[in-house]
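Listed after this line are the structures, all set down as structure tokens.
Both complexes below contain chain A, partnered by chain B and then by chain C.
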Partner chain A sequence: MEKKILEMIAELCGDEIVLEDGDINLLENDLIDSLDYTDLLVQFEEEFGIVMSPSELTREQMDTPNKIVEQVMARVA
Partner chain B sequence: MNILEKIENHGKMQGDNIVMEYGAEKLTYSELWEKSDRLAGWISERLGDSKKPVLVYGHKHPMMLVCFLACVKSGRAYCPVDISMPEQRIGDIAEAVDNDIILGTEENTHNLKGYVSLDEIDRISKEHTPVDYSKRVSSEDTYYIIFTSGSTGKPKGVEISLENLNNFTDWSVSLVEDSQEGCHDEMRDINSRKSQLTFMNQAPFSFDLSVMDLYTCLAMGGRLYSIDKKTQQDPKLLMDELRKGEINVWVSTPSFAEMTMANKEFNGEEFDSINTFLFCGEKLGADTGKRLQELFPNSGIYNTYGPTESTVAVTGIKLDDSLFGKGDLPIGRPKPGTEIYIFTEDGSIAKEGEKGEIAIAGNTVSKGYFKNREKTSEVFIEDNISSFHDSKDSDETKKAMMYKTGDEGYISNGLVYCTGRIDLQIKLHGYRIELGDIESNLKFIEGISQACVVPRRVDGKIRNLVAFVVETSDANAPRKTYDSSTAFQKRKEIRDKLKCQLPDYMVPKKIVFVDSLPMTINGKVDRKKLEAMV
Partner chain C sequence: MSILGDFYFFGWLALLAIPAVLLGILEKPIKYYLPIVSIFFIWHAIEDNKTALMYLVGYCLWQMLLIKAYLILNKKFERNAYIYYAALMLSLAPLVIYKLAHFYLGESWLGFLGISYMTFKSVQIIIEIYDRIIKELNVFEFFNFLIFFPAIVSGPIDRSRRFSEDFNNILPREQYLEMVGEGLFKILLGMFYKMVMAASIYQSVVWLGEEDGVKAALIYMYSYGIYLFFDFAGYSLMAVGAAYLFGIKAPDNFNKPFISLDVKEFWDRWHITLSHWLRDFLFSRLMMKAIKGKWFKSKLTMSTVGFMVNMTVMGLWHGLDIYYIIYGVYHGILLSLTEIYQKKSKFHKKHKKETWYKTVSWFITFNLVMFGFFIFSGRLTKILGIV
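Then we have the complex of A and B:
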């Protein structure tokens, strides 16, 4: 599942680097923008049935692939 | 000039000279003239009073020229269709042309009705009674029809008259003459050894760029050296063929030259016969122009511009150092007999330097689209402003027309600049973005030779931009591959550099490295294909 999440992020960012470097800062490296975040949350909802509202998370909690994985895993569990 | 009289004259004066060469096939000027006379006689007899245009299907066989001339000698326009066109499109064109016969110099793979094969054409053009010269197309008659892709799917046939072609050829010949004058002494020595100039034919005859090589060549009594599709796709074959051709005048799309320039042996020392480059059909990047100038310091390089609707090209400029380092290259000055206007969105004429839609008035503007009044009236408007509209020497019953190109540009110091297609302007998150602008900036980055930016759409709405880039490389070197972290660094570098030049919203989100950009059958970058890839 972790792999699946990372693949979804990679697809959205259009860069495979997120599969290699889980701690890369997505915002600082322009890999993701606010529209992408919204997209991503919608995709998580469709794929895993978890509801994540954009407002309940700060950007800092979601700014690396690993952090995003962590957030999603916590909700699925 | 009258192009037909010119060719007739070459047929008499230098009849044994080769007019076209393709592989082992050769055709002389006298053969061209005589065979087309006979074939025209047959067409006249076969079609009688019907003056419907004739579809000519094929690729680079010299008999194509015989067919073209035969049609116009019989008083009918010809409509060239290349073998590389998709079947559906060929069908659409055949339907629009609606003639009982189709002349073909290749196998009839699409089972076209009324197909006259090469064998038959060969026989007819040897045996039939020649045509009466009174049957020839007159200056206002349509000389050729070239179909261009319509945004709605169905191709539109642009009608070009003999007069249009004559006016264009007057100018295109002057460009080549200008270039021969300007040649380095050394180069002139090479030329003087031969009485005939050799023109390269790259474009298929169904693409009007080919009119630039074919008719400039015919007007000047030159030799047309054709390079077929298969050879164009194989760098090794291509280089061999270019060497063998001993070409003097290179006519191609910029993309084709860029592709050739990837071979390091392509330079003025190895290819010392090439003294002129004529570019048309798409944007010539400043970097490509500069690089070519460095590779061929003794050659005249001309950037020209024009839509099919105004006979190949209407502006041109010879490149020199003063044009480099200032951003985009100009497309030049209007040719004699042409005026260029820039219209702003509200329909007024743009001020100096102000961007707007390029409109063309003058003696090469087409009469419109074949059997398509609706499309014609959308883009061909009555010309009330140019100095030609009240010209007394032209036929007064005929209204002068102006063609709205759909290209965006501006005029500065008498030079016209084309900044892109109006329809290549997209809106992203409310910002108006010119994709060509991003592409130019990408190409200015060191290490990038070609770039194409396309929008990525989600549910039909533009979501972000994707840039496809080709890195400068040696064609003989192995292809570069990156592990994902290097690729990321390279992308980041490109994006960072773009950010220094462009607002953030114009920096493509995704950058994809490719070995080459896909091309359309006309040798332009295939944007649709790229868009489908994102």
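Then we have the complex of A and C:
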């Protein structure tokens, strides 16, 4: 499942680096913008049936692939 | 008295902060003391206008009852969308009525100091109840959040859950004192921005920029933009600093906006709490609906619509005057064009990391932003004879 989440992020960012470096800052490196982020939340909802609201977490809580994986896993469990 | 606006206020602030600092040092809760200070300042700011004071109290009660009722209804009818929209509209109603009456009739119905900013605070709670992030309302925390005096007039716009966390938290003594130090520094820096920088640049706006002709208009444009920054950023610094003294880490509102390399970056640095509020509660939610409903084929069309709606609402929120609306639409167009250019242009992708490219981007962005303030000031529409 972790792999699946990372692949979703990678596809959205259009950059494989996400798969290699789990701690890369997605915001500072211009890998994800507001629309991509929203898209990601919708995908999580459709794929894993979890509702994540755009205001629930700050962007700083969701700015690396690892952090996103952690937040999603916590909700699925 | 004018909150954060005159020496009378700061004198009282210095005095009323002492008990808060003592409570902080003793590691006792400040939250029971804070409402007394908020009420004291609000009372002195609008005691001459009893009607406004009544509206303010009425507004807070109305929002509280609405939220209480919506909490029950949202649970009972399991995220019913119609009830959600009805609750949203009822929450927005006082502001909409105020803005319409003010614009069309010149009346101040429901008007009181801070209604525009307060509306953000109450509406977000309705939205987060619908999202099931907020499951209950603590009335004491809620009123303190709404009437929190440093942010009541012009923000920064805080989030209810974040505010409550600070409000209920008792910091270790050292950490609190460090925050007080930071707060004092922010207040002093804010005073310098507002009373020295903004006030002197304003002289240039008035003395050099008021004449007819292109040269005066240009002087007006740049000096007004820079004036606006020092005025509003200074104000925000003082508000955030004052919040720190009471143990509330209110969010920063400005972060060197004029170094932005594109307009998207500018909105992450200018009036941050407003643009991030709109991003989280309007743009993102609209986009999520659009993605789920497959409204648009291309992602670029979707983001264009999102930016246009988002920024037009931003303009309207400032007021119904034509120049505010044009200002919003203008920034919607700028954001959309930036998005299309950055996604489509190979030239951009190839050169975006090079110094010369960044310099040119900065220069263009700075001027576009300044032109935006020129619209915002009402001067452009005046020159064009639209008013």
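In this section, the second predicted complex is superposed on the first by the 77 of 77 C-alpha atoms of A that agree within 3 Å, B and C clash if a C-alpha of one lies under 4 Å from a C-alpha of the other, contacts with A are read in each partner's own complex, and residues count from 1 in each chain.
Just so we're on the same page, a contact is a pair of C-beta atoms (placed from the backbone, for glycine too) under 8 Å apart; a residue touches a chain by one contact, two chains touch by 3 or more.
If you're wondering where the values come from, they're calculated on a predicted model, not measured in any experiment.
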Contacts of A:S53 with chain B and chain C, given as first, second, both or neither: second
Contacts of A:E20 with chain B and chain C, given as first, second, both or neither: first
First (chain B), second (chain C), both or neither touched by A:L35: both
Overlap of chain C and chain B interfaces on chain A (superposed complexes): 33, 35
Of all residues in chain A, those that touch chain C in their complex: 33-35, 37-39, 41-42, 46, 51, 53-56
Chain C to chain A touching residues, read off their complex: 124, 127-128, 131-133, 159, 264, 279-281, 283-285, 287-288, 291-292, 299, 302-303, 306
Touching residues (chain side chain A, partner chain B) in the complex: 14-17, 19-21, 29-30, 33, 35
Complex interface listing, chain B residues touching chain A: 463, 466, 484-485, 487-488, 491-492, 495, 507, 509-510
